[in-house]
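One chain, chain A, appears in both complexes that follow, with chain B as partner in the first and chain C in the second.
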Partner chain A sequence: MTRYILRRLVLAVIVVLLVTVVTFVLLHLLPGGPARGVLGVKATQAQIDTFNAAQGFDKALPVQYWDYLVRLVHGDLGDSYTQNSPVTTLLGERLPKTLLLTVVSTLLAIVVALPVGVWQAVRRGKASDHVTTAFTFVLYATPVFFLSLVLIILFAQVLPWFPAQAAQGETVGELLSQPGSLVLPILAGTGAALAVFSRYMRASTLDNLAEDYVRTARAKGTPERTIVWRHVWPNSLTSVVSMLGYYVPTVFGGSLVVESMFNYPGVGLLFWTAARNADFPVLLGVVLVIAIATVAGSLLADLLQLLIDPRVRVKGARS
Partner chain B sequence: MTVLSRLLARRTAVAGAILLVLVVLFCFLGPLLYGTDQSHTDLASARLSPGSGHPLGTDELGYDVLGRLMVAGRTSLIIGVLAGLIATAIGAVWGAVAGYTGGWLDTVLMRVVDTGVAIPALFLLLVAATLVTPSVGVLALLIGCVSWLVPARLMRAETVSLRERDYIRAITVLGASRTRVVFRHIIPNAIGTVAVNATFQIADAILLVAYVSFLGLGVPAPATDWGAMLSKGITYTFDGAWWLILPPGIAIVLVVCAINFLGDGLRDAFAVKGRR
Partner chain C sequence: MARHPWRTALGVTLASVLALSGCGGSQEQHGGGSGAPRTGGTARFALPPSATPNWIMPIAIPGYGASYNGAIRATMFVPLYNYDGSSGSVALNDPSSAADPPRYSADGKTVTITLKPLTWSTGDPVTSRDVEFWLNLVRAGKDNWGKYSEGLLPDNIKAFHAVDDRTFTLTLDKAYNPDWFTANQLSLVVPMPQRAWDRTSADGPVGDHDRDPAGAKQVFDFLVGQAKKLGTYATNPLWKVVNGPFTLSGFTAAGEVTLTKNPKYTGPEPAKLDTVKFLTFTSSSAEYNVLRAGGIDYGYVPTSNLGQQSKLEAEGYRVEPWNGWSITYSPYNFNNPQLGKVFSQLYVRQALQHAVDQNAITSVIWRGSARVGYGPVPQDNDTKYLSQRQKTNPYPFDLDAARKLLADHGWKPGSDGVLACAEPQLCGEGIAAGTRLSFTMLTESGSDETDGTMQELRSEFSRIGVEMKVNAQPLNTVLANGTSCEPADASCSWQLSYFGTQGSWYFPANPSGEQLFATGAGTNFGSYSDKHADELMTATNLSSSQQPMFDYSAYLTEQLPVLWLPNPPYQVSAIDTALHGISQDPLAGLQPQRWFWTR
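What follows is the complex of A and B.
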């Protein structure tokens, strides 16, 4: 088992390294390189050369990549081209705000979706299942930006209950001082996650309800309520927990959009501003954070499953 | 019971299929019945609310929204379907090779997939869109190339489990060649899973097209798609121009729902246990 965990850790590191290679190469493929992006199309060749020399962009790509890695290991992501501060500072300011948004909306989604999924599965084929399933289907098919727009039209325009723009603030505390402005962004994030989780939970519960142990329990005369909540629920949770880790990229992808829709001052908005201004160090930094979070998420999911599911433990030990 | 009759027994799948046919007819035959000028702007009649002459009003450049919905739908559907098929094809081959070969090649191929999962597709599309001029074909290819990861994982899992089945082992022992095993036994047995996943892949691609266009990286004007219509309409949300936003948004939701309904039905009809 220790070997399995070590193996997974090594693989995770390799994947993160591969991500840095891909992002690094992609960003240097951009027409004119970073210099054009920063100095603009009117920059003279002399200006571009000076910039490249100052930033080390005149060296060979592998050398630049190595320099980049060395700085990375020292916790240095470089300085933003446009915002006069180190990328790590920018990320440090923005990450807590994005985490606030994603964690709250994911938790809300879980709290609602899991019981709903079980309830749908138990009432499979009844009208209430059809209605809620149709609802989650529609929610699943709704792009986050359209959902955000609908929320804005409904709850900021038709019924002016909440502002359409998130509060701006340096710290999480400042954001929390205007909780009303967080409602719509959080709802938009919740909606997307809710659809995925409840569909998954419904399917997982249905699978478990068809298992032999359920039939045995029924044959013994175990009350249906006990079967569902004592036997099926923990088993279905296991598979959903393992899915949560893989859901990390979707969460971040969603927050990129939600943040730009509501002008929410998190990592997503930082990403869009950086993309518009060709601010490469910031872009690399954001993508790296997302990649590490994704890899960590799936690693955590696998390890969690190892903890709660003995079958994986045996298989893992063997491989 | 055949797959088709099992599929027809599912009301949601049939409803999804009918809805899809209607949308396709609307987008491709609609313009013949309801002709509108979608290439010349008409600023004199810009942003008219829905009424006679323009059932869904006009947009900020004076295009008839109903007609625009049809033209945009063609772009969205064509790119979505192409991208979904490209993603499925790449993923299926990638996963089958990884799963069937095993060993170090499997490890390498699947680490590439892990890497792809860790990089947000939107980021890749963003960079790619600055390198090339988006057209229908280019967008389909780009979106296909960033969304083959799920089918690759699925196909690998399927191949690995098939490879270990007794009958495959038996024919391998009997001397069947690797090519024969792959083409006669593994691929035909995995086709259900792949076909079902292809529908979800198309649905996801249609969503991704919308995202890409929404970010302003879609097909250049006067061509448009549902995502671009939405992104243009946003500016007028607070002026109450709901007819610029709700029609394309609802169209996206309807099509994606319909395809997912059909996919779910297909999965049950093939008796495939799979994702979602």
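What follows is the complex of A and C.
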């Protein structure tokens, strides 16, 4: 198993490296480069040349990439062109806020979705199951930006209960000081996850309800509630819990949209502004963070499966 | 375990939401008010989409010269001369300037300036030395100053002489048009607190370092280094030394800026509000959502949402376009290897200009918020620089006139309806037989109005036999690719470009065009070159008469160095009807010290 974990770790590093290569090349192949965009229409050619020399854009692409990797190894992601701060500082300020948003959204989705999924499975084929299924399908098919707009119109404009934008501040504490402003971004982030988790939980529970051990328990006269919550629930949870890791990129992707819609000062907003300003170091930094999170998420999922499913453990040990 | 876990979960969720809704509060009230001015209070102003202020020092390095940086900075560091449109035309605004109007000598080569009795927040007076300090730093760091153009400030100032603490003279290298020199050169000068900033390190002693060029460069580099530390703006003692009506009290990494009233301001216009907050948004739709929810006092309405004007008005906002001191155009690439020679023919440019239906574009696509533009001088705010020729539009929308011009010069439609040169001797020098009138417009993406404008142009051009293809790219790409080039350059493949969704060019107070249309000028992207036009532009900079500007306006209106297009507003604003004292300055400046609440 140790060899399996080590191999997965090495693979994870290779994947992150590949992501940096692809992203670096794509960003630097964008026509025009960042100088004109950063310096504006009034910049002279001399100023553009100075900018390119200062940023190392006058070097060959492989040399630029190597320089980037060397800096990366030293924990230096470069400096933002427009914000003059090291990218690591910017990420350090924004990442906790994005994590707050994504973690709370995901937890809320889990807390609601899992019991709903079980309930649907138990009531399979009944009207309440059909209604809930229809609702979750609609939620699943609703783009995050649209759900955000609906929430804003409903709860910020028609019923002015919550602000349409998140609190602006330097720290997570400042965000938490205005909890009302977190409600709509969190709800928007919760929507899609809730639909996915409840569908998964329903399917997983149905599978388990059809297993022999359930039939045996029923034959022994075990109450249905005990069967569901003591035997089926933990077994059904395993597949959903392992899926959590794979869900990390989706959560990050959704947060980009949510942050943009609600002016939430997280990594998504940072990415959006950097994209508008061709701020390559920031773009690379954010992509790297998302890549690492994605790889870490899938690694976590594999490890969780390894821990909770003996069959995978045996297979992993053989491989 | 609860009997109905889903009900428990639902109950907990609803209870949490209801509890939090108590924290959220109700929608804020706009409009109303007694009509009587009240002092104090806070106003929240929405900056343009993705605009994040990132510079505080009065000398901005390249890339940090955004108008909102300057507008915010001017509330803390009063410029020597401030121009705005608050009087109804673009003119010197005396109360918000640090000096009395300049006096030019009879030979035009010496300017005498007297400072107003302003005081720094340290208690020190604003003196001639503070202007000398600015000048010395700009001289030392001019290559890294975003406003520097070779031969202009500071190169054109031969000597600085302090007459006394508040009066000084500048000796110029030649006699300039005083109107142009004050508006476009002296307006760049900002007195800086020499007694606080003339140091080479944060804990180094204050001295006269700037009087030695090497020392001045060290001071310049130190201040630039400090200005690059955005996270310290609100706390750095350097930036606390201000002479304007406001001082900086908050500056977040996301770009939110908070200004508070400067209690030590001694000038003629103390702030009426206690606080002004500048809010940033990633997109106009995010801003509009907050505006509709009442979270902004002075914001903007995307033109695609102008259909909701009545709703905004019912919520207590007034909706007003904010016209810029700007022009909007598409440069022709006169050096393009395929079509440069074609664009060089005046009759071709005239035909294309005749095919631009400016009235339709302004009224239908911009929903009435843009203004027509026929020449090189801004024409929707102030007409004092406008020639009669530009006012009356020599090339009105007339497809028949366009077709005739092209037909008379030997262009005939091919099998696909696109015109091709059939008689080279008539088409013009360098145009080969068979050359097709087909070009690609490199245009900025992301705007419905720009997309609509491009479709309208394409449609009208096709009706005169001209094919226009559209290549939409992000603004940065358009700006980077649509620059001046030589025909042999690989980068010279662009043919026409458009970067005018918020106006192509914003002028300083005097709308001379030497940076845009002079031969070899930095922003003359299409490499337009005309000897007479160059002479006229030089004359606008040197002569004190108005006539050269009229001549310049008339000549370039007729010569069409670019395709003139409707000029969009800086923005369409939504302003709380209880917030007064606002003048939407066409130079994109702000004077928040004049804002006040009546509620």
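Heads up, the rule we're going with is that the second predicted complex is superposed on the first by the 310 of 319 C-alpha atoms of A that agree within 3 Å, B and C clash if a C-alpha of one lies under 4 Å from a C-alpha of the other, contacts with A are read in each partner's own complex, and residues count from 1 in each chain.
Criterion: contacts are C-beta pairs under 8 Å (C-beta built on N, C-alpha and C of every residue); 3 or more make two chains touch, one makes a residue touch a chain.
The structure displayed is predicted, hence computed values, not measured ones.
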| item | value |
| --- | --- |
| First, second, both or neither for A:Val22, with chain B first and chain C second | first |
| Of chain B and chain C, the chain that contacts the larger number of chain A residues | C |
| Touching partner for A:Ile152 - first (chain B), second (chain C), both, neither | both |
| First (chain B), second (chain C), both or neither touched by A:Gln168 | second |
| First, second, both or neither for A:Val295, with chain B first and chain C second | first |
| Touching partner for A:Arg8 - first (chain B), second (chain C), both, neither | neither |
| Chain B versus chain C as contact partner of A:Lys59, first or second or both or neither | neither |
| Residues of chain A that lie at the interface with chain B and also at the interface with chain C | 30-31, 149, 152, 157, 164 |
| Complex contact set, residues of chain A against chain B | 11, 14-16, 18-19, 22-23, 26-27, 29-31, 137-138, 140-143, 145-146, 149-150, 152-153, 157, 164, 199-200, 203, 207, 246, 249, 252-253, 256-257, 271, 275, 283, 287, 290-292, 294-295, 298 |
| Residue numbers on chain B that touch chain A, as the complex places them | 111-112, 114-115, 117-124, 126-127, 130-131, 203, 207, 210-211, 214, 227, 230-231, 234, 237-238, 240, 242, 245, 249, 252-257, 260-261, 273, 276 |
| Complex interface listing, chain C residues touching chain A | 1, 5-6, 8-10, 12-13, 17, 20-27, 50, 52, 54, 62-63, 65-66, 143, 146, 228-231, 252-254, 256, 279-283, 285-286, 289-290, 292-295, 473, 475-477, 479-481, 483, 499, 505, 515, 522-523 |
| Residue numbers on chain A that touch chain C, as the complex places them | 30-47, 50-51, 81-85, 89-90, 93-94, 108, 111-112, 115-116, 118-119, 149, 152, 156-157, 160-165, 168-170, 178-183, 225, 229, 259-263, 265, 269, 272-273, 276-278 |
